[in-house]
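Some structures to go through are shown next.
Same chain, two partners: chain A is paired with chain B first, then with chain C.
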Partner chain A sequence: MIHQGEITAPLLDVRNLRTEFATDGGTVRAVDDASFSIMPGERIAVVGESGSGKSAMAMSILRLLVYPGRVVAGDVLLEGTNIAQLSERQLNQLRGRSVGTVFQDPMSSLDPVMRISKQMTAPIMRNLGMNYKEAHAEAVEWLRKVGIPDPERRITAFPFEMSGGMRQRVMIAMALSCRPKLLIADEPTTALDVTIQAQIVEILKKLTSEANTAMMFITHDLGLVARLADKVAVMYAGRIVEFATVEEIFAAPCHPYTQSLLRTIPSPTALNTSRLPQIPGLPPDMKKAIQGCAFRERCRAATDICAREAPALTDRGASHVAACWQPEGLGSSPIDAQPDRALRRNDGPFRDRVIVEINNLNKHFVSSSFLSRTKRNVIRAVNGVSLRVRQGETLGIVGESGCGKSTLARLLLGLEKPSSGEIFTEGLTQMVFQDPASSFNPKMRIRSIIEEPLLVKRKGDWRTRQARVEELVKLVGLDEAHLDRFPGQLSGGQLQRIAVARALALEPSVVVADEPTSALDVSVRAQIINLLADLKQELGVAFVFISHDLLTVQYISDRIAVMYLGEVVEYGPADLVFNSPSHPYTKALIDAVPIPDPAREAKRASAVLKGELPSPLSEISGCTFATRCPLATEQCRTEKPKLRQHRKSREAACHYAK
Partner chain B sequence: MLAYSLKKLLQLVVTTIGVVMLVFFAMRLIPGDAAAAMAGDTLSGAALERLRDQMGLNDPLLVQFWNFVRGLLVLDFGRTLTTNLPVSDLIRSAAPITLLIAIATIILAIAIAIPLGTVAAFMAHKGHKTLDNLITGLAMIIDLMPSFWTALVFLLIFSLTLGWFPASGPISWDDPYSIVMRLALPILVLSLSQVAILARMTRTAVLEVLSEDYVRTARAMGWSELRVLFRHALKNAALPIVTVVGLSFGNLLNGTIIVEAIFTIPGVGTVLINGINSRDYQLVQVLMIFYALLFVFINFATDILYRALDPRVKF
Partner chain C sequence: MSNTAITPPERADITRFFPVKTVMALRRNRFLSNSKMIGALLILAPLGLLILCAPLLPLQAPLQTNLMAMMQPPSLEHPFGTDRMGRDIFSRTLEGVKISLQVGLSVAALALVVGMLLGTLAGFFGGLIDRAIMVIVDIFMAFPSLLLAIGLIAVMGTGLVPVVMAIAIADIPRFIRLQRSLVLGLRTRAYIDAARTVHASQFWLMSRHIVPNSLAPMLVAASISAANAILVEASLSFLGLGIMPPAPSLGNLIREGQLYMEQAWWISTLPGVVILLIAISFHFLSDGMRQALDPRSRK
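Right, the complex of A and B next:
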């Protein structure tokens, strides 16, 4: 029995952890009474929106919080040692050695002025007692394990000489090289493209299983949870509201927040014929003391007791706890009071009126270097793109970063001049940007922000403009009270609504939205997606929806154009493209997207697209995708495939599309 | 690195040519006649015209410019108009003193300001505001004191009242002790204002770097705070600091002129002021070029150092 007890002892045991940030507006209790444990070799996902305390919790474990954050109470036991009570010196011996860490942003997490070799060998020498030569060999070996090509040479590079994906591999190699028992990964793939994310996830999975390393990873992507986690902790407003095995979280969630989150994700297979369910309201203001359950104002199952007292975690199964007064959470009732409106889609007979026509559009950026003025570098950001947008349809444009989708948007808006080719548009084109917080003048009131395009175009007198502004703000689901506030006083979701209202002010025929939902939290994202879908239906305005989030694009779009290295490689109706892709790149992209369903994730073959996007400077004579394509033949390497119609209403640029 | 250095060297040459042209033609734009100014009331008519010929003032402007440039290239700067001494001799005796003051000031300022700024930043980062406020406040007060004022106050206290340092006297290169005693006060005065700027800049730079992700990475790898501070934070913060040191050198050159005048030190600044007072344009234009080239060269050195510290720096 004693032996068994030893075997089942948790590796990490967090008890009643409480972390606070002293801010000007008051004390934020970022982590409140969090308790959980991790068994050796177990992979735990911590899920929550920004501000839910998931990063603060991870940082608190290793005492990595910096002023003004600090751990106020609680114990963190790593194999029985209480980290909370260690001296600085003891703590430093444990960091890096027993617990490795990988952070979100690979671009800034490595020291920019230090070679990779130095950053990697120093910890190995210190922790494993190796001399420089051995440590160097060890570091090279780890770089090889995380899939860095030619590691002997790459190890001498500086971080800036590597891509984001490569840097994140280095981070992982660095974190695992001292053979920690626990790896803490804070959004390790959020900054990466979906195909690179898939590669990194595979590496994390493989290396942690090989060494039986436990992993605690933080994410907001439920698909990633399904792909990688054994257990899941769901956080809301600083508290763990549900903790269970990954199967139970997805199959039988108990907390209304978990239940709502799972329902707001667009399903990857079903033809999306109804509106996306959305969680009403916003997360609570953490600067104010929260009375009762923090989620109650957004919860339709809330009763009197929820307002009086915060629920504690109670058992809901063998290894399943949830903090909710209601035994079933929401049960089967819908998460919001909105009528379950049907989502009208434009597939079937499309409306015929073409309002944007792009013919053989090119945008080439030419740069020349100082010493060799003759040698010119040409970046083909947009290369021979032809597309059409019809009235009242949503065209989704997807592709990895660097594929030219944002340049295409800028060309559509006339912000860039095309190198060659034509764009015909009927009516006005307007824009919604990715980050609403930085796309408004912070010193202007919302009223003036929405009014501005009307003023620029000298539309109407003061009275008619004000009437229009009020009409617009209601159209996007806000009210007149918001008009006299400043951008800083609104939330990200509300600001994005204002951005939409501003874009619609001049009654454009097309609105180009460049990543309009990627700066938003999951629970707010659905609200914006629904808003765009409603507007399309009500106003007949067309949208060009640019995103790297395939599930969202597939949900909102009537047609999809897939871009790769400046070219459109596939074009067709959204559901068809998504469910039976014709181009191998489209297929690879879709395969790389984690699906929020652990059962399906387990069954999926881990066919990971190899390599990275080739340099946009390289001259490729054949198919641009041939360097990474699993099906590439000699013909692909020499002969460039044209975008051609191979099936009814579908086009692909592949020799083998049928 | 080589291509980068070559490019910066090329820029240096271009700037130098610009400086020489600017100084030469600006001097010619000043109203008045150098020969008449030199002669005062003693000469008139034909005699004055002869003097003009002698000084080359009647040559075409481009010929004058060519003669001037040729002189610079062979380090023959002509003779002063008032005392008829070779300008190169004046510079040879004055420049080492000024350079010594400038270099010693920079070294002293760096030695004081960087630890001070780093400590302030580290304390601020940890949330200990008192020491940070003290250092920042002190730097601000020092920055508000003009150097001619501190120079006079120091002179009054340390030379005249306490008598620790001589207020005047010759400077002899054979007697290092006397040089140290003679130059200590001016160097101290000049470095004070440098310390004020540098310490605040260091604090800002280090504080910013301390909240960078890679510093967190270093901490997460188990490195001690000291190692994090020196190996990662200071090395990255060095980039803006080097820039500021380079830029504030111009300020420092200004300062040497004032301080040399107050402490009666026979440096370039004193020679320059004498030249201006006696309208010795031959002398003044050479000294202007001397100061400008010194500044250009320091900037060149800054650029090279910048590239050596940060491999990301491109042209």
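Right, the complex of A and C next:
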């Protein structure tokens, strides 16, 4: 129905697919009446939050659903064959030969006790009828194509000898080596760092175009969609709510959910002066039957009809459908009723009072080898870091995994002892953790959780403590009803609010937030970012905001410190660092971030940072970034650049920063 | 998924039948749907009641002999029959069950408390404390537990208290190991770090966060340990090392009866059946507890 008038037959045709999961709480309709088709060579992105049914849909297409999930209605036609009618054996052939798959977690999708060569050659031999020697040569060739250096040697490696990025390359090589007509990739780059993600995306793009392989990839990252997709299916609460070409989705979205999502992403260009628009509320409880439109409770354009009847997909253009009763969706009205408050920045003259001062801080982890106690491996997690945090400012710390940002946070909090160097802090330092699920004792009620710091410090009697707990829970935008629940009964976004409340209980001067939004759904992230921005203004608390999400860091921070291999390589005001980076690594990081704008993505150079992070064990005499730096010279390889001020209020550790 | 497109099944609206979602209601539902727990209680509750009411029942006292009624088969007056000295097997069995339950529960409680204490210390502090505790644990674990118990009784003598002590000591190393491994997993949780950032004391961390979160699996282990202790006590008494005659215990009842197996089968067999029932019910209890405490194990 979407491809009316097209001449070629679709490669994959999904019709009215409905998938259900039987749970204790009731039947969850994970995929509800999903219909779409993929033409040969087309790249389709499926976008949605966790629980929106995108993975369940992919699994249903592959017939990989396991109990308690099952497809209850609809057809999946692959090249005209109904996959529901295939035997398990035919299906196995199809999974390798016609459809390749790449899953999210590269750590668990390869067999840990089997060499790469064996894992790769077996499907090639079976599906392409090659002998071992040919299959081996083929596998080496594919490893070369996905950018694995020295593939002849690396093919004999075990998965644990490879990094996450390398393993994901192997997965892609495996999936494509049998020359499938369709590649299904479920969040293929979510577990990877931005620079590695950029490399993988380029590989996927190049290889699928070369072989005219169609691709269905699942993601929650709209930037990635803009970079990679031809068409986009937006899912919400199990339904496809909008389906259109990538240009249409970004230029003229019709469904309020799509419109809202696009507006909640911080813009990479302008200095953000007002708060992020946020989608109010939470996604619906999928265990309950949904009456009417599932998005209506979070939608400002909702009317009576939205509550009565679920909208069907209707045409909004040549190849654009959306499921909304309102012709314009939200139109130009704001997505929430929050007042558009100005985001006050500490721009111009920063407040001068320094409340955290870090001088030449080192944290080295020493592991002695099993056989000889004298030979030691030293990991320089934090290496000569000097930073300052001023009262009421937000310092953003960015860098890829393994750059030492989390160790730095733990040092700031006193959870680790520094190997050398000093940290001076004025007042208390508190923390908001990344994973809301493990941040709270599951046996304690929210009330006791927020009260705990007060109780430990013996602040006030029972009555004053309870008053403070109630004050705190309101401060973070929840109400007293939440206090008597257990952590398991709250959503991720609510839990992060509770984490903020607990961190603020003792009126700290600094709150360290380590990836506070990365475990949250896109539509909830903006709520937490706004909360932190508001609290900074109201309470004058300083934040240290650690994240790999550059757009968010740039939005919320007054200053940014960029870390690479345990060192700060650039430091300065957020908008300046982001818009005119001085250090080549900062520039590479920013270039690697996918921007949710297809027009800009198309124009951007596909020049991505080559190589991977060097092993933290290796001793580097010169600049730590020289191995990957496009500008590196002999001086960089021998002489270590110091972090120095090269412009007003800006510092960079590069010989060539001007 | 089956091989053809399927029509949607009839959907029962579950929320209609269980509208209340309080924690207590959920726990009650989970308990009522837990058939193993109910099975265990159906055996253990009447047994407990019988033991408590034994003095009120018209039964011959466990130690009273009656030379007029020796080796009598089960009857209304003597439900389990009598032994060669005319003692009532039923009342002796009840006395034996009482001892069995005492041994089982005391061993479980002792092993739980000591195991949690030492396991928490070893797992939480690590380093020298951990190594010292674990060396001792490993030495104890090198012996089969029944053999260890026999050796300890040889040192401490027979009777209820030494038997409990011996079985508990043989069992404690396993509890220490389990608790230590649980603590190792728990101590890196973010909520422990959160409490550390406000300088909560070590005791606070252990008592507020570590122990409550390791209690559930430890309780399951304790209920298995209780079943095991009852069997070990019966074995020891059977070997003449546990509860000494004339005081009855299920083990020595079987031992006394085995000589007369051909003339009076009931003397050994009926107490044996009772041991079986108790052991099964404790295993049911532990399975049921695991089900109730760990939602993931439910199918």
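Definition applied: the second predicted complex is superposed on the first by the 651 of 658 C-alpha atoms of A that agree within 3 Å, B and C clash if a C-alpha of one lies under 4 Å from a C-alpha of the other, contacts with A are read in each partner's own complex, and residues count from 1 in each chain.
Definition applied: a residue touches a chain if its C-beta (ideal position, glycine included) is under 8 Å from a C-beta of that chain, and two chains touch if they have at least 3 such contacts.
The structure presented is a predicted model; accordingly, all values stated were derived computationally and were not measured.
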When chain B and chain C are modelled together on chain A, clash or fit: fit
Greater chain A contact set [chain C / chain B]: C
Touched partner set for A:123, first chain B, second chain C, both or neither: first
Touching partner for A:602 - first (chain B), second (chain C), both, neither: neither
Vertex chain A; arms to chain B and chain C (CA centroids, nearest 10 degrees): 30
Touching partner for A:62 - first (chain B), second (chain C), both, neither: first
Which superposed partner A:160 touches (first chain B, second chain C, both, neither): first
First (chain B), second (chain C), both or neither touched by A:84: second
Which superposed partner A:108 touches (first chain B, second chain C, both, neither): first
Which superposed partner A:26 touches (first chain B, second chain C, both, neither): second
Overlay on shared chain A, then closest C-alpha pair between chain B and chain C (Å): 6
Contact residues common to both interfaces of chain A (with chain B and with chain C): none
For the chain B and chain A complex, residues of the former touching the latter: 3, 7, 125-127, 210-214, 216-225, 231-232, 235-236, 309-312, 315
Residues of chain A that touch chain B when the two form their complex: 62, 64, 66-68, 88-89, 92-97, 100-101, 103, 105, 108-114, 123, 126-127, 158, 160, 171, 174, 370-371
Complex contact set, residues of chain A against chain C: 18, 24-27, 60, 63, 65, 70-75, 84-85, 287-289, 410, 413-415, 428-431, 433-435, 438-444, 449, 452-453, 456-457, 486, 499, 502, 506
Chain C - residues contacting chain A, complex: 1, 3-9, 11, 13-15, 23, 189-191, 193-201, 204, 208-209, 212-213, 298
